[in-house]
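Per-chain residue numbering starts at 1, and chain names A, B, C and D are given in the order in which the chains are listed.
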Amino acid sequence: MTYTPREMMIVTAAREIRDGDVVFVGMRLPLAAFVVAKRTHAPRAIGYFECGLIRETPPAALLYTMSDPANVAGAAWAGGLVDVMGLLATGHVDVGFLGGAQVDRFGNLNTTRIGSARAPKVRLPGSGGAADIASFAQRTVILMPHAPHRLVEEVDYITSPGYGSGGDWRTQVGLPGGGPSAIITTLGVLRFDEHGEAYLASYHPFTTPEEVRAKTGWDLRIPHEVDITPPPTEAELQALRVYDPDGVWIGEA
Amino acid sequence: MTYTPREMMIVTAAREIRDGDVVFVGMRLPLAAFVVAKRTHAPRAIGYFECGLIRETPPAALLYTMSDPANVAGAAWAGGLVDVMGLLATGHVDVGFLGGAQVDRFGNLNTTRIGSARAPKVRLPGSGGAADIASFAQRTVILMPHAPHRLVEEVDYITSPGYGSGGDWRTQVGLPGGGPSAIITTLGVLRFDEHGEAYLASYHPFTTPEEVRAKTGWDLRIPHEVDITPPPTEAELQALRVYDPDGVWIGEA
Amino acid sequence: MTRCMTLAEAIDRFVPDGSVVAMGTCLEAAIPFAAGHELIRQGRRDLTLVGPISDMLFDHLVGAGCVRQISAAWVGNVSAGLAHCLRRAVEEGVPAPVEIRDHSNFTIGLALLAAGIGAPFIPTRTSMGSDLPLENPDLIESTNPLNELGEPIVLVRAIQPDVLIVHVQRADEAGHAHLWGPLGVTREAVLAARRIIITAEEVVPSATILRDPNRVIAPAHKVAAVVEVPGGAHPSPVPGYYDRDHAFFEEYHARSRTLEGFEAWLREWVLDLPDHAAYLEHLGAARWQALQQTRETV
Amino acid sequence: MTRCMTLAEAIDRFVPDGSVVAMGTCLEAAIPFAAGHELIRQGRRDLTLVGPISDMLFDHLVGAGCVRQISAAWVGNVSAGLAHCLRRAVEEGVPAPVEIRDHSNFTIGLALLAAGIGAPFIPTRTSMGSDLPLENPDLIESTNPLNELGEPIVLVRAIQPDVLIVHVQRADEAGHAHLWGPLGVTREAVLAARRIIITAEEVVPSATILRDPNRVIAPAHKVAAVVEVPGGAHPSPVPGYYDRDHAFFEEYHARSRTLEGFEAWLREWVLDLPDHAAYLEHLGAARWQALQQTRETV
């Protein structure tokens, strides 16, 4: 069985969804992770889409965006953004997915700008719903291609707060949600210790802890015993490939 | 042509609606005034109903409440209370109607309680949307059976503020709307001078200024020249009676 | 998955004594009278009732001694007049005193809106200069922190009901419900409430509901119970189903004027009837049929 | 009364230079591309754009030099990637600098909600600890006045657009419009905006609209113009009418990577075409037909 690092990442993300979870799905890659979870181990998961949709069944066709007609057809609710964000803000979301250009060891995410306000090097699209998910979800899962310029010592802008500067920072600034539970990359899975700092929890079968550390922009803590991420099962890969036969989300790097 | 004091009151209220006005109709008697205006001089008036409805045409049947199915059928919009109140709060309402148990010379209305908080004599239903209409409408029109215990020196509770204690009181407390433009009673029409105090602007054809004053609980100012309210026209009476053939709203006193 | 159960079970399981209960969120339409009567039959106590205007239902509950507090804008009988049980409770403490937190329709809507979006309060310019903020601790006079002149503003504190009871035209077993007509504060209330009890004119296949997700009123996963109760809003109207029974409101108004009259009314229409089917039977087929509407096509 | 007119007339009369314009309020669906292109054709300048996420349209307007400021949560190309024109504007000041007030989706929704209910701001717990309130003057860090411990809170300042442009499935001549599918922040925006321009797939008889007033998206008296523009949201999808033209987003993404490429794209798809009918003709009947959906029954 062969699979790509991106397939590994999406399947691993799908496993973060527990059956019955309310999932804030958001844009792009998590759309695929939600479908894989629904079609495998979490058939009762519920998906929130900030355009105003709630789904209890996976969409019948590949979604390029959450607002595609295929996501509307058979939706369990079609309301507004403030409705869905209100449900998020009142604690109804178990897990939310985030992506970004940069993440630091405390899980703080940047999707706004590389460089400073005065001298921006790359203007990124911005928060979308990410800051909201990061604020309110019981736990968040961050998806990120693994590279030193992405897993960085310090993000240039905190769009979506993780554990801030660590410790009880979230409580101090008043954030109600639980914070990040994992950073899932193309190379491994990082989880967070009691101080809110990320460590390597597992590396994907096709890499090594050393490669993961080398491609991380900070001095990544790697415990003595670190697991290998279980490879995608046939069922997971099939669910993903049936959903995305042309590799729209699987193929992109 | 004969008509009752209540018919005179409703028809006179209808005349406060200008063609093209957005009218916050509310409950009970104003439902009839809105229909009379729509069917006579103000065919382009628009009605807001706080249950969430907007109407551009009069309802096809007598309304006992604004939420009757006859008010839904053919409505121009069916949304929510906060939507309609939002339109009110952002200045879209030209004229709103209010009723109540007590009104004072500054147009402050009480629909909450006769007596004090500790020793209430009569618990009334409360504000409904009246406090909101009084706060935001460009002008309000108060409908009230004329009696000394209703037009009182001091109201026991200000549910819906008029001109408060007079002068620039509304500005001082921060109220955005224009305040009352008339109190229309079963005996006459009171309007407000530049200090916000009510005076007799016209008395209905079947009464006298002396009777009006005698039945007012404060020392009502009556200008030297005071008009007689024009009696209902045949068209107005017909519109009212076609709408309410059994006297549900016309007949009650 | 089904969330269907009897009304007795839904009320028993999800509305314990002391609950904060929102009802009548569509104003005069689709008032969940059947559910309210079941609360009375089960002898519920110490409820806090939340709603914009209550067209008679809150008066029943106050008269039956179920209520400790009301946060509402208007409690009465819209086409008939004052609420006699509420009067006795407030003026004489009969059958028990009731604390009223007087709102306007806008402020009760904003209080529910605030709870539904996770905001501790919403600032507004309504009710300024009125006596509402002087007596209601949930309307707080303050100043606008964004305005240099410190303009006055009222902060409407969020109200989170423990349970919302909403009557709808149709729902499926899982709790997807279609509601149309005047929505009142229902959209805000479904977000604000911890859980929702749906009473429905009809329980229909899911496909009927999901073909129009824009008409679904609430996220189904917040729905604790779905109960099929045809006529469950009588005497209030349900658009597309039946008209308002105006005479019923008049009759209640007349009979509830005295305590004895109310008690007799309550026995006749609630306590001596086992459920809502018996209520409709007592109403009589002819009277019930006369209120039926030709169904709308939606 | 009719509010129908051409798109050119609607944009000319109701969107002057310097306007605060909300667009794309349904997120990736029903984006009013035809109206946006007309803004470019008419050479509009100094606009402030307001929206939650913009899937490509804001990038067109920035690239064409129409924009001075953006209050939004996300500006890019959802399925393809970054917004190249926005990058050039922010990073190099080409063709002109643009000020961005970065919001989250929730805060832009709350800003419109606040304006629509007449509240100066709405307090929220989102964006706390992020850099958004540090740079956006419309997100004000404060403390909750109802909390004795002075818990932190962010005040989202109201945003009132001068005009909202919304694309809908169908409308009548008077401005009653049916919108379904994902509503995004459209319900908030219709209340917040001073006036509304409706572009519609179809202009239909009033009776078609008024038979379902719950589906009407806005009070018609706030509608300044109704314009029938079939395909007016292409390449974004319109539920019940047509699907998203994903390839179009990819093509734009590739071509707009360079300034020259963008300018050629803009000439080809906007400046050299007189109107949206010519745009659809340029798109080609086969491509357009392939996107059509079987109509839903609603």
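The rule we apply is simple: a contact is a pair of C-beta atoms (placed from the backbone, for glycine too) under 8 Å apart; a residue touches a chain by one contact, two chains touch by 3 or more.
Keep in mind the model is a prediction, meaning the values are calculated, not measured.
**Q** What chains touch chain B and also chain D?
**A** Chains that touch both chain B and chain D, as defined above, are C.
**Q** Looking at B-C and A-C, which one has the bigger number of contacting C-beta pairs?
**A** B-C is joined by more C-beta pairs in contact.
**Q** Compute the centre of every chain as the mean of its C-alpha atoms, then state which one is farthest from the centre of chain B.
**A** A
**Q** Roughly how far is chain A from chain D, centre to centre by C-alpha average, rounded to an integer in Å?
**A** A distance of 27 Å separates the two centres.
**Q** Once you find the CA centre of chain A and the CA centre of chain C, what distance in Å lies between them?
**A** The answer is 41 Å.
**Q** Distance from the CA centroid of chain A to that of chain B, rounded to the nearest Å?
**A** Their C-alpha centroids are separated by 57 Å.
**Q** At least two partner chains per residue is the criterion; list those residues in chain C.
**A** Correct list: 110, 113, 117-119, 124-125, 153, 180-181, 183, 187, 214.
**Q** By the touch rule stated above, which residues of chain A touch at least two different other chains?
**A** Only 53, 72, 78-79, 82, 85, 89, 136, 176 qualify.
**Q** Looking at the whole structure, which two-chain pairs count as touching?
**A** Result for touching pairs of chains: A-C, A-D, B-C, B-D, C-D.
**Q** Which of the residues in chain D end up touching chain B in this complex?
**A** These residues of chain D touch chain B: 1, 115-119, 174, 176, 187, 191, 210, 213-214, 216, 218-222.
**Q** Name, in rising order, each residue of chain B that touches chain C in their complex.
**A** Residues 27-28, 49-53, 64-69, 71-72, 78-82, 85, 88-89, 112, 117, 120-132, 134-136, 157-161, 164, 169-170, 173-176, 248.
**Q** Can you list the chain D residues touching chain C in their complex?
**A** 110, 113, 117-125, 140, 142, 144-147, 153, 155, 157, 180-181, 183, 211-212, 214-215, 296-298
**Q** For the complex, give me every residue of chain D touching chain A.
**A** 26-29, 52-53, 55, 72-76, 78-79, 82-83, 86-87, 90-91, 100, 102-107, 109-110, 113, 124-132, 135, 151-153, 180-188, 236-237, 239-240, 243-244, 246, 249, 293
**Q** For chain B, which residues count as touching chain D in their complex?
**A** Going by the criterion above, the answer is residues 22, 44, 46, 53-54, 56, 72, 74-79, 82-83, 85-87, 89-92, 136, 176.
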